[in-house]
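Some structures are shown below for you to check.
In what follows, subunit A forms one complex with subunit B and a second complex with subunit C.
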Partner chain A sequence: MTTAPQQTPVASAQQRLSPKMTVAHGMEIPLEFSSAEIEHKRKVNLGVCDVSCFPRFGVKGRNVVQWLQENKVDIPEPNSWVQQGESLVLRLGNGEFLVEDQFEGKLCAALDEAVMPEAYGVYKIRRNDAALMLSGSHVQELFSEICAIDLRDGALLPGKLVMTQMAGISATVLRQKFNGEDVFRIWCDGTYGSYLWDTLLEIAEESGGGAVGLSCYYKEML
Partner chain B sequence: MSMRLPKQNGEWINRSKPVKFTFEGANFEGYEGDTISSALWAGNERILGRSFKYHRPRGVLSLANHDVNVMVTDTVDTNMRGDVVAVKAGMKLTAVNTEGGVRNDRSRYIDKMAKLLPVGFYYKAFHTPKSMFPFWENIIRKAAGLGVVNFEYPRILKRKTHRHCDLLIVGAGPTGLTAAIVAAKNGLEVVIVDENAQAGGSLTYDRAGSPEPLSQLQELMAEVARHSNITLMTGSYAAGYYTDHLVPIVRPDGIVKVRARAVIVASGVFEQPPVFRNNDLPGVMLGSAAQRLIYRYAVKPFNNGVVVTANAHGYRVALDLLQAGCKVSAVIDLRANGESGPLAAEVARKGVAVRKGSCIYEVLPQAGNMGVRGVQVCNYDEERAEADASSIETIECDGVAMCAGWAPAAALLYQAGTAMRYDNEVHQFVPNRLPEGVFAAGKVNGVYKLEDRMHDGARAVAEAMRHLGMDAPAVTVAAHAGAAPSHPYPVVPHPNAKNFVDFDEDLQVKDFINAAKEGFDNIELMKRFTTVGMGPSQGKHSNMNAIRILARIRGVAPEKIGTTTARPFFHPTPIGHLGGRSFHPHRVTAMHSWHKAAGAVLSEGGVWVRPAYYAKPGMSAQDIVQDEAMSVRTSAGMIDASTLGKIEICGPDASHFLERFYTGSYGSQKVGEIRFALLLDEAGVVVDDGVAARIADDKFYVSTNTANAAPVYREMQRWLQKWKLNVWLINVTGAYAAMNLAGPNACKILSKLTSDDISEKAFPASHFMEAKVAGVTARILRVNFVAEQAYEIHVPAPQARAVWEAIMEAGAQEGLRPFGTDAQRLLRLEMGNHLVSHDTDGLTNPFEIGAEWALRMGKPFFVGQRSLKIIAKRSVTKRLVPYMLDEGYSGEMPQECNLVINASGEIKGRVTSIAFSRSVGRVIGFAYVDPADVAPGSRFQIRADSGAMVNATVVKTPFIKSSNEGDQA
Partner chain C sequence: MKLLKCPVNGERPLSEFVFGGEVREMPDPNTCSDQEWAAYVHYRNGAPGMKKEWWYHGPSGTWFIAERDTMLDEVARTYLYGQEEKQ
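Entry: the complex of A and B
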């Protein structure tokens, strides 16, 4: 029986960078790509961090709102998101949600174990997102090159999420505070993860940015 | 002798930075900020290029990005426009479109043969004798086109970026700048673009000898600088208009796609040349070109010139020429009444002779047409467009400035859907009905007086604000008063022609007359027959005159002629700009790194990158593929099948949905069963096949072909919206990875990793089960696509690599090896399974591939059923059959798409699949044949690439069983 940790969808692209890895939430994930000093510089300009290890729970169905409410989940408007404790609740449509726990969050596990009465017509969605975190002064320049949607602060309002095309693939984007920092979050289908990672890094590196590990945002993991 | 003037206020050149370069081998010196043309003109070089057709010498015409006869190469880049490309130190420039240099172009003899080369001659000549056509074709192909493509051109990244704003203003002249300031003051985020190196438009050059325009420009620019919500982009042109106010702005370093909430087009006008004999000689230029030379680049256009005009602008040009120290020997005004008012008075006061009701009958050329030595002037009847040759008078001069009128730079307006009308007050097409959110202002809107243009910019902003839901005061702009800025017909006939209308294509007045005589008297037909407006400048200085000439020929108003289509892009745009960063989205599976480490040679299938085969040192790809296939036949092999589309169909109506979506029957399907899923489009064409596993009463797990995951999912969504069933679709293509373990030892290997009974008896083909494999919950499907014993193991993608490795390790003893898609194609062929999109095409129906068994025609409905009922009434014209080549065949190997030919030489079908199978020991495949030849044992012939005919025999499938039973033929 395998006891190997899960693999981030971005693994094949990260391999060439030989990152220092750690296991978080059962997934092997890059902790550091370079020294803290270098990664800090990258992050100030344009840091790209793989956070695919965050647990996620997807669900859709006719009565999904009712079921989530019964399970004490805050319900955002369609195409919006709310933060519930350490978890994000993204509403991807009238009847589809994505919940993501961020390190201390426990909501996904609770929902995963919750009963789904057949009569409710509520269906779990298995997900394999490449989940990325972007920050830095050049992030809007990067977006301007890969996305036709206006993602500046005045357009991407707090609590709003955008489902759009980035570098030619479908992605979900929002802006959040993460450990006190302003960051952008991107989710895409994991099989496109390596492509998106390489594309983002190519652009980020041109402006002094690059790959950063989880330790850039979680010093306590070092 | 240098033509460089002393410092001009507002000049664009940096005199502290001289720039040395060569042109046609001669040394020149310009300044930073010079264009190639201005630097050459300053160095008194008049022959800047040769015309396209007749190879006539050409110089400055517009100096406004339309001088397509002045295109040069620096050996790396080609067709660089001399009038706008900045000169750089060290450039080694030569003109394109010459043979032997611009001065001694060997092709100049063509000019002497002009009478033999009327417009459209190549449509009529060279057809006979037919045998000579390749000879003529070769000559014409060599003559066509400008410049030589450099296949070694370096790849330089030109970014394509997006930009958003409230208001995009195209054109940073006084109208656009005023609009930007007004909009910014009202809180709008403004992007304003201009193709010139600096903003200001006509204020940068059209001064009538006065310093006032420069002061106005400085005030405007200072005001613009005070507003942080104005982004000014110069050296950038708006290349086109697309839906919802998307305008690509082409800049030297890339393209900015601006998405605006509203657009103001303040793009101004193109000055139009009057038409008279030799109006193309070096030294004959538009009045605005002369002004640009003077004020932007501090270059004297000529020493002693004349101005031929039909509007007030000619008088302004005369005053500017005088200010620059040029002698103006005469102002020749086509209009009988000429110009009155302060401009005319000022010109007269400066002692310049004005000849009203006159025209230039002919420009007298220097030897070899290398320049101007004088002009012949005569009386002109502007109503009848007739020159009185009896009144000719010669004026010696070395240059001519032409000012006959303007044409709107309305390309973006046309593209946005603007309806234009011809305004007889200004003799110009102006916007009549603008699309929502698009506004026009300034000269392009038919407003010419400077203060009115600025006012018109403010008016456009007010309208844009109201469009954006803001309050704005009504602004009215005075209607045009006085003489029209454009002449309705500035054309002077001449018996010896060479009175050019289109400088790109060397079209003369007689060419239009001839075209009309031939029946091409519609503007679109005339365009295609004469090629007017089809050169690099796309008719910016020729279309308006062509319309006027055609209108005169037909005796109708220009409005009745209409205009041709103005398509994007506004100027020729390098392919590198269009390419941008070259995003190439692709998907990889969870086992991608493993494959690479195992030596996989990757190939693309749809958007996926996956192993074609696993390379082995010293072995050919062909042998490796046969080995990989043999391991499946003799023991076990495993392929990464993650690329299959995987969709969950959930809900109480799930089976009902599938009944309607696919051709088969699913209502009666038991949980744990798998059924074939054949998808048709509404025309009954086969578009996909896969399997549908029922994993619960209200849940199916459906697979699709690799390339079809997204299209099938989209189709499902589309139909679901129509049918409004209680069904929820979940595309889990990327969430689940899959691997297909196949071969006689597959069960044995897999049994090592699962406690469930997966034996043939407990878990037969076409069944589904959920089981733990290597500790990971897996969906296992028994699908015999490549082998009789095969297990498709679907696991969550993050755990897939671990499962893959565990299976590989478990099968090591049995010789388990990975195989790629090349072996998979062979294996499925051996099993007699066709591939949709490989063995079918965009017209194939199920009857042609023998898939009648998969159709439940008795169902009330399925997609494509109605069409099939109609198709079923007709006889099929071809059938897909499995075939073998003769035993021991060693001749030329037929290829996929080789034709099936009958004894009468008729095409009856084609080969869709062909491969040598080591298992079968024969060449096997699929082919479409005559429906009469489908019985096993039927013979048909394939025509190979060389024309050799190869015998084939229809057989039964699967090939491997047939082979074992020895009854294949």
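Entry: the complex of A and C
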């Protein structure tokens, strides 16, 4: 029996753009919205890419730090993140973690299979985030329109993450190097994914940016 | 823009927070009198002054306590429940 791929939480907003789709990690995700040349121009100005297909693992609880250490996970400071291999480990506050594998990472699968004793004070959290990637020279202008927090280089220090509201919804934001490029990552509840996608695109298009597919970051997928 | 300091996330716009009511000690329902229980359930102290209040930072899901002068609307300090002494 084969299983139908999942849809990205942003699917309904992306349909009108008729993207070329691919399946990554069991999720249908836009590979290209337009030609490589147009998408490159968008990315240089303000590219918005849907990366909701990356596997994620959420966990929280009283003993979560100890449990993660037992499973050989690097522990960042509260409201910080670390890169472990090809996985991101985000510490959301004191006792909650979000782990995300970026294509070749295997940490989420390992944690998902790890033994979690009952009454241990550790609880898995099912994540259904819309996960986006933003890059380009106009990205700070976009943030100034939808966010009250200063996310410029001097304010959002490397390794730090911010949980705040963007365009009125709760989101987690950080800055990372992705395939050698500076990008901003945003995670929000999947049910708000289409709303956030439309809002970001509306602003991005004013700056000569727009939707870009995964192929902008993963040439090998073409 | 009004700001409030979350003990975990730092200063944020007030729009990111939700007010959770005054911090009130619940009497033991098994041992307290009906009068004490009724007072706990129904009565609220509306007199202005320095109050301990529950506040919630939505984007991070953090509940904390703010000591706020409700006459002046000035927050003296904020801290996580049980960590009053650390502040």
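By definition in this document, the second predicted complex is superposed on the first by the 219 of 222 C-alpha atoms of A that agree within 3 Å, B and C clash if a C-alpha of one lies under 4 Å from a C-alpha of the other, contacts with A are read in each partner's own complex, and residues count from 1 in each chain.
By our rule, a residue touches a chain if its C-beta (ideal position, glycine included) is under 8 Å from a C-beta of that chain, and two chains touch if they have at least 3 such contacts.
Quantities reported herein were computed from a predicted structural model and do not represent experimental measurements.
Novice: Touching A:S12, do we find subunit B (first), subunit C (second), both, or neither?
Specialist: So A:S12 only meets subunit B here.
Novice: More residues of subunit A are touched by which partner: subunit B or subunit C?
Specialist: B
Novice: One more residue to check, A:T164. First (subunit B), second (subunit C), both or neither?
Specialist: Once the two structures are laid over each other on A, A:T164 reaches subunit C alone.
Novice: In the superposed arrangement, which partner chain does A:G93 touch: subunit B (first), subunit C (second), both, or neither?
Specialist: In the superposition, A:G93 contacts subunit C only.
Novice: Who does A:T3 touch here: subunit B (first), subunit C (second), both, or neither?
Specialist: A:T3 sits against subunit B, while subunit C stays out of touch.
Novice: Quick one: is A:N79 in contact with subunit B, with subunit C, with both, or with neither? Answer first, second, both or neither.
Specialist: In the superposition, A:N79 contacts subunit C only.
Novice: Between subunit B (first) and subunit C (second), which does A:A148 come into contact with in this model arrangement: first, second, both, or neither?
Specialist: both
Novice: List the residues of subunit A that touch subunit B in one complex and subunit C in the other.
Specialist: After superposing on chain A, subunit A residues 148-149 contact both subunit B and subunit C.
Novice: Which residues of subunit C touch subunit A in the complex?
Specialist: Touch residues, subunit C against subunit A: 1, 8-9, 12-13, 15-16, 57-62.
Novice: Provide the residue numbers of subunit A that touch subunit B in the complex, in ascending order.
Specialist: Touching subunit B from subunit A are residues 1-4, 6-9, 11-12, 15, 27, 60-62, 95, 118, 121, 123, 125-128, 141, 143-150, 152, 155, 167-169, 189-192, 194-195, 199, 202-203.
Novice: Within the complex, which stretch of subunit A touches subunit C?
Specialist: Touching subunit C from subunit A are residues 78-79, 92-94, 96, 148-149, 162-165, 170-172.
Novice: Which part of subunit B faces subunit A closely enough to touch in the complex?
Specialist: The contact residues of subunit B facing subunit A are 159-164, 257, 259, 581, 583-590, 592-593, 596, 608, 642, 648, 650-652, 698-699, 726, 728, 730, 732-736, 753, 774-776, 796-803, 805-806.
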